[in-house]
Amino acid sequence: MAALKETVSVVESIDVDAYKYGFSTDIESEKAPKGLNEDIVRYISAKKNEPAWLTQWRLDAYKRWLTMTEPNWARVHYPSVDYQDLYYYAAPKSTPGPKSLDDVDPELLRTYEKLGIPLREQEILAGVETRRVAVDAVFDSVSVATTFKEELGRAGVIFCPISEAVQTHPELVKKYLGSVVPVTDNFYATLNSAVFSDGSFVYIPKGVRCPMELSTYFRINEQKTGQFERTLIIADEGSYVSYLEGCTAPKRDENQLHAAVVELVALDDAEIKYSTVQNWYPGDSEGRGGIYNFVTKRGDCRGRNSHISWTQVETGSAITWKYPSCILRGEGSQGEFYSIAVSNGYQQVDSGTKMLHLGKNTKSRIISKGISAGRSQNTYRGQVSAHRKADGARNFTQCDSLLIGQDCGAHTVPYIESKNPSAQFEHEATTSKISEDQLFYAMQRGLPAEEATALIVNGFVRDVLQQLPMEFAVEAQKLISISLEGSVG
Amino acid sequence: MAQFAAAAGDAFAPMYEEMKLRGAAGLRTAAWETFAAKGLPNRRVESWHYTDLKAALARPAPLAIARGGVEVARAHDSIRLVVLDGAFRPELSDLAALPRGVTVQPLREALTQGTPGIMALLASDDVRTDDAALSLNTALMQDGVVLRIADGVTIERPIEIAGVLSSEEARSSFTRSLVVLGKGARATIVETAGDLTGVAAQDNQALIVRLAPGAMLDLFTHAAGQGETQTRVMSLVAHLDEGAALSAFSLIEGAGLLRRQMFVRIDGEHARLALQGATLARGRDHVDVTLVVDHAKPNGQSRERFRNILDGSSAGVFQGKTIVRPGAQKTDGVMQSKAVLLSDSATMNNKPELEIFADDVQCGHGATCGRLDKDQLFYLMARGVPRGEAEMLLIEGFANEAFEGFGNEALRSFISARVSHWMSGRAA
Amino acid sequence: MTMLEVKNLHVSVGDREILKGLTLTVKPGEVAAIMGPNGTGKSTLSYVISGREGYEINEGEVLLDGENILDLEPHERAAKGVFLAFQYPVEIPGVGTMTFLKAAMNAQRRARGEEELATPDFMKCVKDASAKLGVSQEMLKRPLNSGFSGGEKKRMDILQMALLQPRLGILDETDSGLDIDALRVVSEGVNSLRAPDRAFLVITHYQRLLDYIKPDTVHVMAQGIIQRSGGPELALELEKHGYQDYLSEEAA
C-alpha cells in the first residue's frame, strides 16, 4: 500500500535530533573528582552530612558492588561503561540547599520553565485549572526545589528530598531504605546504594489521601555525570498517593548513565499510583549519545488489600533496562503495570515487569504496548509467578507490539511460573504492523497518512494512556507523537 | 560446579572416543567440542531455564548394547522399523513391506560409508546447533534409520520408527534417524521412544526431517517410557522448503525427566507448520517441551498448540520461541500453551517468546495455567454428570484439543486410549 | 400440589445481597415467566436453583417436589429433573458433543437406577431429537458448543432438554442473541416438551419470547424479590409501561 510505504519512509528519515529538551544549562557546578572509590562514597555521604549508619550502608554497598558483574541477559548491546571515567556527584554551586523558591538560582528556574515544569506554586500545567501538582526538582545530583511543602505538611504528608529526610526523619528512612530493593539486589541497584545523590522521599500517614499529585522532575545537565537518584515512597495504612516522575537531559555526544532506584511500600489498604514519563535524550539519528537508563523500580504490597500501580510511558534513552515490579505479599493485594514503550532511531528498550504473587488472593494485571520504529529494538520481558501459598492468585497479561518499518525488531519474553493450582494465569501477546485496513479506513474518511497513523497508534496505546493523570496523558500523547515524528503529526 | 561439569564430561569422553571410530569423525569431533566447551546445561543456560540436565545426567550410564532374543510388541498398524538398544534391527523390521519409492538405510552404514547426501544433511546448519543434548547426540550417535521417500510418492500406511530399550540395567542410548521427503512426497511417520523394563535409562533420541518443496509429512511422536527415573531427550530438527507442510504431534507420558525439543526452520515460502501435543505427568515427572520455530522466508504459517496435564508433584515446562527473520514478511504465527494443575504440588512454567525482525507479520502467543474451568465443570454437572466423571471428560477433552487437525483416525483413537489409560491410573 | 417452591430465599455474592427474600411457587404443567429489569437477580435465581458455586445462601429453601435441593450437588439436582438452559452455553473444546450427550444421559439414568442406554438406542434418540430441532449431524460431530453460533448453542441446549426430559426446565434469557428464525425453532422445541408433569421457569427481559412460549403465570422480579404476580396480561402491561414503576421504588 502506497500510503503505508510513504509513512514508513518518513519514519525512517526521522531526525531524532528533533529532541526538544536537548539544550543544556550553563551553570557553575561543584563536582566530586572523577571516578569511584571509597573516598568518593565518603565524599558524597559527607556532602549530605549523613549519619554514620548511612555512610557505612553505602560503603557496604560499594564493597559488594566491586564483586558484581554487569547483567548481560537483556537484549541490549552497548560498549562497556568505564565506571572510573564518570563523575558521581555534581551540584549546581549556587544552591547549597534552597530555603525557598526565591533562593533558587534564576538560571535553574528558567531551565525548568523551558521544560514546562511549574516550580512557581501558582503555576499550573497548561489547560488544567483545578489540579495542582507539587514538584520536587532534581538537577544532576541534588534537589533544587520542592513546592507546596507547607500545604502538604498540614495534611501530614512528608514530601522532600531524600537527603533532607535523612536529617529530619531518620527513623523512617532507616526503617524502609533498602527494604524493598536490598543493597545486594543487582549491579545497578548496588551501585546506586553506594553513590545515590538525591531523589524524593514521600510518606503518607495513616488514612490520609494525599491532597495533590506529587511529582519529581529529573534533569541531567552536567557532562560525564552519572545520575543516581533514589526515591522512597511509603503509604501508611489506608492512605493514597499518586506520584508522577518526568525526566529529560541535554543532547550530548557521549552516553550518560542513569541508575536510579525507586522503592514503594504500601501498608494495609494503602494505594500508590506511580506514573513515569521517561524522556531522557535518546541519542542522535546515528545512534550517538543518549542516556543509559538502568533503573530498578519495585513496589512492596506489604499490607493486606494494598495496591500498587505502575504506569510508564518510555520514549527516551538510548538504552532502557527497567522492570518496575510488585511483590504481592499482603493478602488480597493488587499490582498493576501499564506500559507504553516507544523506540525509534537506534534505541534499545528491554523493559517489563515482575509480579510475584506470595499472598493469598493477590491479583495482578499487565498491559504492555511496545512500538518500534527506525532501527530500534524493543523487548518486553516479564515474570509472573505464584508461590505455593498464593491461593487464588490471578494474573492477566496482554502484551502487544506494533512495528513501523522493516528494520526494527519487537520481542516478547515472558516467564510465567505457577506453583499453585488455584492460581489462574492468562497471558496473551501479539505482534503486528499497523493494520492496512485501519489505515485505509481512516484515509478513506479523509485523514492524511500521518494523521491516520497517529490515530491508530493512539488507539493502540489508549488502554495505558487512560491510566495516567489527565495532564500527564496529554503530555505523553504529545511525546509519543514527537518520538515517532514523521509518521505521527 | 565446574568440577561437576568436568565429571560429566569425563564420563562421556570414553563414549566419544569409541564412537569416533564409527564414521563421521569430523562431525563428531566438531559436535563434541561444542558440547565439551560448556558441558551439560543447568538452569543458568537460558534455553534450559527450567530443566537441569546436568544434575539428571550427573552419572551417565554405559552405552546400550544390542541383545538378541528380545520381542517388541506392536502398538500400531504400521510398517515398523525397530531401533533396539541403540541399534537398527533389520530382522525385527518390516523391510519387505516397504512400498516402492521408499528406501531405508541403517544410519551406522551411512556414517561409515560417508553417504554423500546424508553427510551433507548432517553437517547442515540446522543440525549443527549449540544445543548441548543435540551436540552430544551428534558426537555419540550409535545408529538409527535413514528413511527416504522419493519425489511424488505418497505413502498411506504409517511408517513407524520404534525406539526401544530392553536392558535390565541402566544404559545410555544415542540414536538418530533421518526422514527425507522428496518433492511433493507425502507420508505419515510414527516415532516412539519406550522401554521394556522401566529402569533408569538415559535416552537421547533425535529425528532429522527434511522436506523438499511441496512435501507433506504428518509426524506422531509418542514418548512412552515407563517408571519414574528415566532421563530422556527427544529432539526434532526439521527443515521445510517451499510449500512444504509438517504437522508434528507429540504425546508425552512422563517417566522421570523428559525433554521434548523441536527446532524447525521454515526455509521456503508458503510453508506450513503445526507443532502440537499433550503432556501427561504425575509423581515426580518433569516434562519440558521446548521449541524454536524459525521463519526465515516470507509467507510462512506456523501453529503451535500444547496442553499440559500435571498431577502429583510433577513439573511442566513449555518454552516456545517464534523467530521471524528480517524479510520474512507476511509470516502468520500463533502459539498457545495451556496447563491444568490437578494437584496442590504440581507446577507449571511457561515461557512463550516472540522475536520479530520483520514488520508485516501477524504473530501472537497465549499461555494459561490454572485448575479445570469452573464454568465448564458446572455445565457438565448441571446436565447430570457426576463431578469425577465430569473432570475426567474435561481432562480428556483438554488433551484431545492438542491433536485437533490430526487426520489419522487410528492414531487419534490410540491417543485417546492412552489418555484414558493415564486417567484411569490417576483414579487408582 | 406444587413442583417448585422457593421460600424466602436470601442469597448474596461477596458482600452484596442479590436475592432478598424471594418466594415463588410453580405447579406441575405450569409455564411461569419471570420478567424483570437487568441486574435484578434473575440469573442468580436460575444458578441457585441449579447449584452453581459462588453463591452464599443466607436464608430460605428451594423445594423440588417437596424436597429441599439446596444441599445437593449440581449433577444430583439434574438427576432429580432440574434442567438449566444457559443464557450463555459454555464452550468445551476437545469434548465431543456425542461423548458428552451420552455421558449426561447415562449418568442421569444411573442416578435414577435405570439401565444405561445401548449405543444404537442412544444414537436413535439423538437422531430423532436433533432432526426436530434442526441440529445438523455436522454440529453433533464437533466439540461441545465450540465455535457454535449463538443460535446453534441455544438449539444444542434445547436438544439436551429434549433428551434429558427434565421435571423442571429453567430457560435463562434463552431469547438473548437469537434471531426470529432461531427463536421460533427453540420455542417450538420447548412447546413440544410441555407436559402435565413438567414445569418451566422462563426467565426473560422482553415480552417477545412470551409470544412464542405462552406462560400460564407471569412474575415481575425487581430488587431481589417477586414484586407482582399475575396472568399473561401482566406481561403485556409490562411491554407497554416498562419496568419504571418497579425501578422507581428501588430509587426510593
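The chains carry the letters A, B and C, assigned in the order they are written, with residues numbered from 1 in each.
Keep in mind that, in the parts below, contacts are C-beta pairs under 8 Å (C-beta built on N, C-alpha and C of every residue); 3 or more make two chains touch, one makes a residue touch a chain.
What you are looking at is a predicted structure, and each value in this text was computed from that prediction instead of being measured.
*Asks:* If we define chain centres by averaging CA atoms, which chain lands farthest from chain B? Would you check?
*Replies:* So the chain farthest away from chain B turns out to be C.
*Asks:* Name whichever of A-B and B-C has more C-beta pairs touching across its two chains.
*Replies:* A-B
*Asks:* State, to the nearest whole Å, the distance from the C-alpha centre of chain A to the C-alpha centre of chain C.
*Replies:* Taking the average C-alpha coordinate of chain A and of chain C, the gap between them is 53 Å.
*Asks:* What whole-Å value do you get for the distance between chain B and chain C if each is reduced to the mean of its CA atoms?
*Replies:* Using C-alpha averages as centres, the distance is 47 Å.
*Asks:* Could you give the separation in Å between the centres of chain A and chain B, each centre being the mean of its C-alpha atoms?
*Replies:* 44
*Asks:* Please set out, as single numbers or ranges, the residues of chain A touching at least two other chains.
*Replies:* Expected reply: no residues.
*Asks:* Flag every residue of chain C that touches chain B in the complex, lowest number first.
*Replies:* 50-53, 73-75, 77-79, 82-84, 86, 89-90, 92-96, 99-100, 103-105, 107-108, 111, 143-144, 160, 164
*Asks:* Okay, in this complex, where on chain B does chain A touch?
*Replies:* Within the complex, chain B touches chain A at residues 46, 49, 326-327, 329, 339, 341-371.
*Asks:* Mind listing the chain B positions that touch chain C in their complex?
*Replies:* So the residues of chain B in touch with chain C come to 373-376, 378-387, 389-390, 393-394, 396-401, 404.
*Asks:* Across the complex, what residues on chain A touch chain B?
*Replies:* Interface residues on the chain A side: 8, 73, 388, 401, 403-433.
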